[in-house]
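One structure is given here, and the rest of the page talks about it.
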Amino acid sequence: MNENAQAVFNRPQLFGEAVTHYCPGCAHGIIHRMVAEVLEELGIEGRTVGIAPVGCAVLIYNYIQTDFIEALHGRAPAFATGLKRVSPDLIVFTYQGDGDLASIGTNEIIHAANRGEKFTTIFVNNAIYGMTGGQMAPTTMPGQITATSPHGRNVKECGYPIRIAELLSSLRTPAYIERVAVYNPQNIVRAKRAIRKAFQYQIEGRCFSLVEVLSTCPTNWGMTPQESLKWQETTMLPYYPLGCFKTPEGEVKE
Amino acid sequence: MNENAQAVFNRPQLFGEAVTHYCPGCAHGIIHRMVAEVLEELGIEGRTVGIAPVGCAVLIYNYIQTDFIEALHGRAPAFATGLKRVSPDLIVFTYQGDGDLASIGTNEIIHAANRGEKFTTIFVNNAIYGMTGGQMAPTTMPGQITATSPHGRNVKECGYPIRIAELLSSLRTPAYIERVAVYNPQNIVRAKRAIRKAFQYQIEGRCFSLVEVLSTCPTNWGMTPQESLKWQETTMLPYYPLGCFKTPEGEVKE
Amino acid sequence: MPGVIIDKGYCKGCELCVKSCPQQILSMSKEITNRGYFSAQLHDPSRCIGCRICALVCPDGAITVVSHGQRYELYDY
Amino acid sequence: MPGVIIDKGYCKGCELCVKSCPQQILSMSKEITNRGYFSAQLHDPSRCIGCRICALVCPDGAITVVSHGQRYELYDY
Amino acid sequence: MSRILMKGNEAIAEAAIRAGAVYYFAYPITPQSEVGEYMSRRLPEVGGVFVQAESEVAVGNMLMGAVASGKRAFTSSSSPGISLMQEAISTMAAARLPVVLINIMRGGPGIGGILPSQADYFQSTKGGGHGDYRVLVLAPSTLQESVDLTMLAFHLADKYCNPTMVVADGMIGQMMEPVQFPEDYKEEPLPPKDWATTGCRGRAPRIIKSLFLDPAMLETNNVMLAEKYKLMKQNEVRFEAYKINPQNRILLVAYGTMARICQTVIDELAEENISIGLLRPITLFPFPGKEIFAEAVKPNIKAVLTVEMSMGQMVEDVEAAVQGRKPVEFYGRTGGIVPTPEEVRDYILKILAKKTPAVKSWKG
Amino acid sequence: MSRILMKGNEAIAEAAIRAGAVYYFAYPITPQSEVGEYMSRRLPEVGGVFVQAESEVAVGNMLMGAVASGKRAFTSSSSPGISLMQEAISTMAAARLPVVLINIMRGGPGIGGILPSQADYFQSTKGGGHGDYRVLVLAPSTLQESVDLTMLAFHLADKYCNPTMVVADGMIGQMMEPVQFPEDYKEEPLPPKDWATTGCRGRAPRIIKSLFLDPAMLETNNVMLAEKYKLMKQNEVRFEAYKINPQNRILLVAYGTMARICQTVIDELAEENISIGLLRPITLFPFPGKEIFAEAVKPNIKAVLTVEMSMGQMVEDVEAAVQGRKPVEFYGRTGGIVPTPEEVRDYILKILAKKTPAVKSWKG
Amino acid sequence: MSQYEVTFAGFGGQGVMVAGQLLSYSGIAEDKNVLWIPSYGPEMRGGTAYCTVVISDKRIGSPIINNPQAVCIFNPPSYEKFIPRVKAGGVAIVNSSLITLETDRTDITEIRIPANELAIASGNAKAVNIAMLGAFIGASGVVAYETVKKVLEGKLGKKKNVLEINMRVLEQSCKLAAESVRKGKRL
Amino acid sequence: MSQYEVTFAGFGGQGVMVAGQLLSYSGIAEDKNVLWIPSYGPEMRGGTAYCTVVISDKRIGSPIINNPQAVCIFNPPSYEKFIPRVKAGGVAIVNSSLITLETDRTDITEIRIPANELAIASGNAKAVNIAMLGAFIGASGVVAYETVKKVLEGKLGKKKNVLEINMRVLEQSCKLAAESVRKGKRL
């Protein structure tokens, strides 16, 4: 670096040195970075405990340098509930995939949200089971070909994809819930703002907060990273509209 | 009975002789009767298999004279899915309490509804765990005193009651979902109509159908049967609005 | 004339029928059934209009409504 | 003048930076990294406007954007 | 120290609080729902937290989150509920999380019934979950012991960083006896919880996990766990010898409520000059196999009789312990039916009346 | 009959279809996800149904609903997934539902790893769920046997109206061998499914349940189950004796992939004139304990060596079987590490080199 | 007495469980070993409820008491169920307000107390269980009358009104029972 | 030969697994016992992949093959990992297009085949694995060249074009390897 050069964008310090195990172009990496940046910017990394999912992000603790607990598949919200209830001064967040959160763990996330547990969930929706090799998820798009829907998801047999942000927002308990995407820089910037907001609500002890991030799985989608982002925009977006679905303020006004 | 007298209201034939084990005035009895009447009226009792819950209604098979399978706590929708998928000509219904369906079994009901499993659920919401002696349920009203909320349900700690009809209706997959009550004869009549409709949708192979019936638990509410019906009307109704939340027709139009 | 038959074997004395009869012709008897409940009884049969409300609300299928001839239908059940 | 530094140790050659640079000054090098990937490279440093888009989209934190003096901020990240 | 009349479920709940476990996560189930009901009244008074979870699956996982930051937390449930926690229990063992679980056993299998049972012996001692792991299992037979062992459970869980279970039949949960709580409860010093996830300010991040993708690491974890179980076997075997002496003609082995019934039988038979001894396992894992062997081989012992409220589970461990040196007999009832003193007595007399039974060549 | 090269997971899937089990309910998990992937291609061709469930908990319960109407249905999963089914498995046993489960075991406990393991022996044979019940457990060691035992599993499940499990380590799921499917598959006649809930037109309603509030009824159910397990012990013990003869100096006991490795060792040592025999349990429950005892007591046998991909689970059953008559040794590796022929060979030679080891007075 | 067992049995709602607990507290107050065992099971709602109390100088073994020395029977169904179970030579306190049934057994002492009437007369119809308890201690002397009084005071001290009524019922029934025993009625 | 073991190792995407499967099919076609074992484990994505094939006249025992008689090495990392494992007297087929590494071992036969070049020259850059397979059978003779041809025909019969190219590559590399063995190169 040139002498009086100034870094205007750095790999966040909170990232260790490790190269991630993610496939090239997988958006998990982008989302990890945003979480790390937010924790750093808010200065809460020293009192944060993350809950890792079972899914491709299971090794997140190798990348974000905070305390971590590895949850069982789908149960991160239960872990977070236990931890946050006994240690309310900690900042607790879960990072969950769509198989994890929207399939096996639906009960745990709904009830954590409904009890208004004061932790933050980063929900990474890539419309597939990445880690186990690309099986259909509840969030898989109609017609999408996966290892267990070789002729494309048949909505007559498997129903329509579950929209978690909408589903959780229909609960009465106050919460902050927003859906964001990462298919271009504008959206990455918006996504990070949402993540920051989610943590801020927790810092203020306000409510449960969840950010659904539309992600990608180039490997199991059988696309290049670039095509994956395009597919996210053109195929996922119409079904998974972006935006803020719920804020505690909104609820208070109600 | 007088010679040329004609019975204009009979105990349904489908009811056996057994006196139920329910507490005096418990609305489970009313709801059982309506289900039995509907099965009889539709002439489907010979090809119907009921799935009994774990809850006060666990012994429903002693009262309604059709084939029955006793499910594990919360898992009736999974049993029904298995049964209906392998024997699609059967008429399959589950009968579940609020602890069963809205707490331990939330995942199973959401995913069965979301896959559009073609069975019928009678969901009996009495805002409490009846069978185990009156603990708080996810559907317990704010401030309601139960064995595990001795000072009344505190929404700051336990969140607001879950509205299952609304929650399930927010899913995209077509379904028939209606909430009814039994606090007076008018509503009992409406409830029965909804139950009949739910089975009709199944007979036509149309969609998943669920009727949420607001019920009572005089014993654990600590009220007389009459007071219980009053409380259902005055306390539950404002929070649990009655009506049809979703029909497959509506969805088709969408 | 309509009328109701209450099967004491089923009645648990919850009083729901008593409270909802529009003619107020049902009441609780003082007799204890063999299950230990006071059962409901029809104390003024002549005024029964056969509306079936009592049977509709009975949680125990204890009530049969009979009629020969005219009766009032408040509900199409 | 702004510029970017790409850490080949992290780069997995996903090309997302290449595809999103508004100046189109990134490209894939022909060299294989020690992890077996072709890495990205900056082929026309003089035209870099320091907008940070490449770093924003990089899933592997491989890009540092530096500047001394003026640069364009397309996003307030 | 005053003696308070308490229901077993409530005594256990209070004992946990006295041991500093003021975080309780549970889901209602008969015959132990009183624990939660008691907790919902008591915990707010002591600044604790009771979360009524959405399911037992959630409970198992909430507990891991709760103890991860170093606090004492526990649950209580009954048989089917414990079955739903098996994935979590396996993981607690793998990740070394000192969770305490109370199982007030009821009749099984399946939904079964709500009456007392001891049919979860296998589940708790062999590991109902997957993989190589062990749970420390304590089995009280009186309410005072329920109090003492519950408090001990938290200590042992912390000492070994291992899930620890108190198993009692529904009878113990439901009956009342006077109990005393220690006034100045002090524990042996424990290792610092230098693994707890409390936020990493000023230190390196800590990770609590059970996934080891590198098989060598996973094996290392398993070997370390095995060492721990060996230590437990060395240090934590607990049992009671009741009227054990060289005159004993039968060695009874029974635990929990069943052991009390056996004591009554022994007392009665003693009056008829029939000498019977009872070895009552207090820890079901580690199991007092060596001690049973030592008693069983004594010359006067004609047979070892295991009595359980099950179709015969602990009896397999007794057989393994006795190693064919004496006949091992079994008497059990199930489904909520508890063998009465009369039944046990009759069975004993039947054994004594038998022509000296040969040690069977194979137990079949 | 042509030999087809297939992956173990796919061979098992096809075998189930050939046995008429065209209803498959499952949740993805490594190392058996290929079963579901295969099924999602094949079942539509044969008019079957594959429901990818929301979780393993749901799977266990869907299966009960599916087999209740008399159809053959099954699932496959791996260790943590099987742990989540324990409440359901206990209930299948209680309600006599002939469900077939395939467990392609991976390293545990907890999330563990995805490499092969045999550490779910306890869970499958002792009952990971609550209450007195048993699962019939079959353990193939080749892919052909995986096919045969999978087909047999459906037969035995129907014969005994009992949950039946095929357990194989991840290696068997992942490797390929040529397999043959019987062309005219015929089964022994089975009792009619006169308990199936198919709609009660023309007959009395049927109820499938596991709750018995009356303790006498619950006990009756347990006694009836116990009789069934006794029958299984009489009729269904299966094992393979490999090079067992009076010259054997060591009796090896191993199952699944581990047994194949032992066979290689036996062949190698035979060339050096060291005679070793292998008793390979094919049914883990019922366990061939009597047969092991009979071999172990033969005069030339110096010791019994159990080899497992675990920290030692089946070895407890072997010890119980041998009843202290010969020393029982154990060798095992875990976490996905499979003991190599060399390691097993070395361990055998070490035992043979030992000064005649006394039978320990207590195994400790 | 080294160990004494008594079963209280009646309808749910008759205060059967509480009667047993009051006796248990009294046993503790006299520094004895005590065990209270409820009927806990699939009794139908509205069915019978019962509990057994064991009071002993020694360690108490079995909690399975099939044949107690005494029973306190509040209602007819319990009469049929429990009279046959009383140990030979034992005592049965029978609520004659509700029970007209008779037994063939001649090896037990039956003491009939109009418990409902006593309670209603006292002004607290709910005191049936106190009446039965009083009769039991009057007949058995397992714990001292004074001890039970003290326990009642401790439990109800704040509700002076209720306490007084209960005390009166206790005393009356205790005396009634003691007298019957002295008179050797229906021995 | 009673049992022969060979490991194929390379990058994911080089067709390593398929090469092993083709060899397995050939073994079956010759009525032998066959076992194909994949590397299945926590390999990093983009890392190495390998499989081992066992061909035998007898029942095949252990699927744990740490020291195969032969290895077919597609890329440099695999060279480092597997060359040390070959049994003394064994054979290593090495893809010289990518591998320049050398070994100290003198107890194995190393045969270098420019597999990538052969494939590219044939018009199908993906045929690297066929080139390696051809070389292996040329060098080992474990299965007959004709058998492998038949298997390829069976698998690719419908894609005439691809089949032809593959056949050509197979033949070339088989010959190349057979020659090297005859010449005793680098023995």
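Note that the chains are named A, B, C, D, E, F, G and H in the order they appear, and that numbering of residues resets to 1 at the start of each chain.
Criterion: contacts are C-beta pairs under 8 Å (C-beta built on N, C-alpha and C of every residue); 3 or more make two chains touch, one makes a residue touch a chain.
Predicted model only: the values in this text are computed from it and were never measured.
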Which chains sit in contact with both members of the pair subunit A and subunit B? E, F
Compared with subunit D, which chain's mean CA position is the farthest off? G
Whole-Å gap separating subunit F and subunit G, where each centre is the average of the chain's CA atoms: 57
Can you work out the whole-Å distance between the CA centroids of subunit D and subunit E? 61
State, to the nearest whole Å, the distance from the C-alpha centre of subunit A to the C-alpha centre of subunit D. 25
Within subunit H, the set of residues that touch 2 or more other chains is 41-42, 46
Two or more other chains are touched by the subunit B residues 22-24, 54, 58, 70, 72, 103-104, 106-107, 110-111, 115, 138, 158
Expected list for subunit C, residues touching two or more other chains, is 12, 35, 37
Quick check: in the complex, which residue numbers of subunit E touch subunit G? 3, 5, 31, 113-115, 170-171, 174-178, 257, 260-261, 263-265, 267, 336, 338-342
Using the touch rule from the top, collect the residues of subunit F that touch subunit B in their complex. 23, 25, 49, 51, 53-55, 57-69, 71, 73, 87-88, 91, 95, 197-202, 205-211
Please name which positions on subunit D make contact with subunit A in the complex. 2-3, 5, 7, 9-10, 12-16, 19-20, 35, 37, 50, 52-53, 55-68, 71, 74-77
Quick check: in the complex, which residue numbers of subunit A touch subunit F? 54, 58, 70, 72-74, 99, 103-104, 106, 129, 131-133, 135-136, 138, 147-151, 158
Mind pulling up the subunit E residues that touch subunit F in the complex? 57, 79-80, 82-84, 86-87, 90-91, 93-95, 105, 107-115, 117, 119-120, 122-123, 126-133, 209-223, 225-226, 233, 289-290, 293-294, 310-313, 316, 319-321, 323-325, 333-337, 361-364
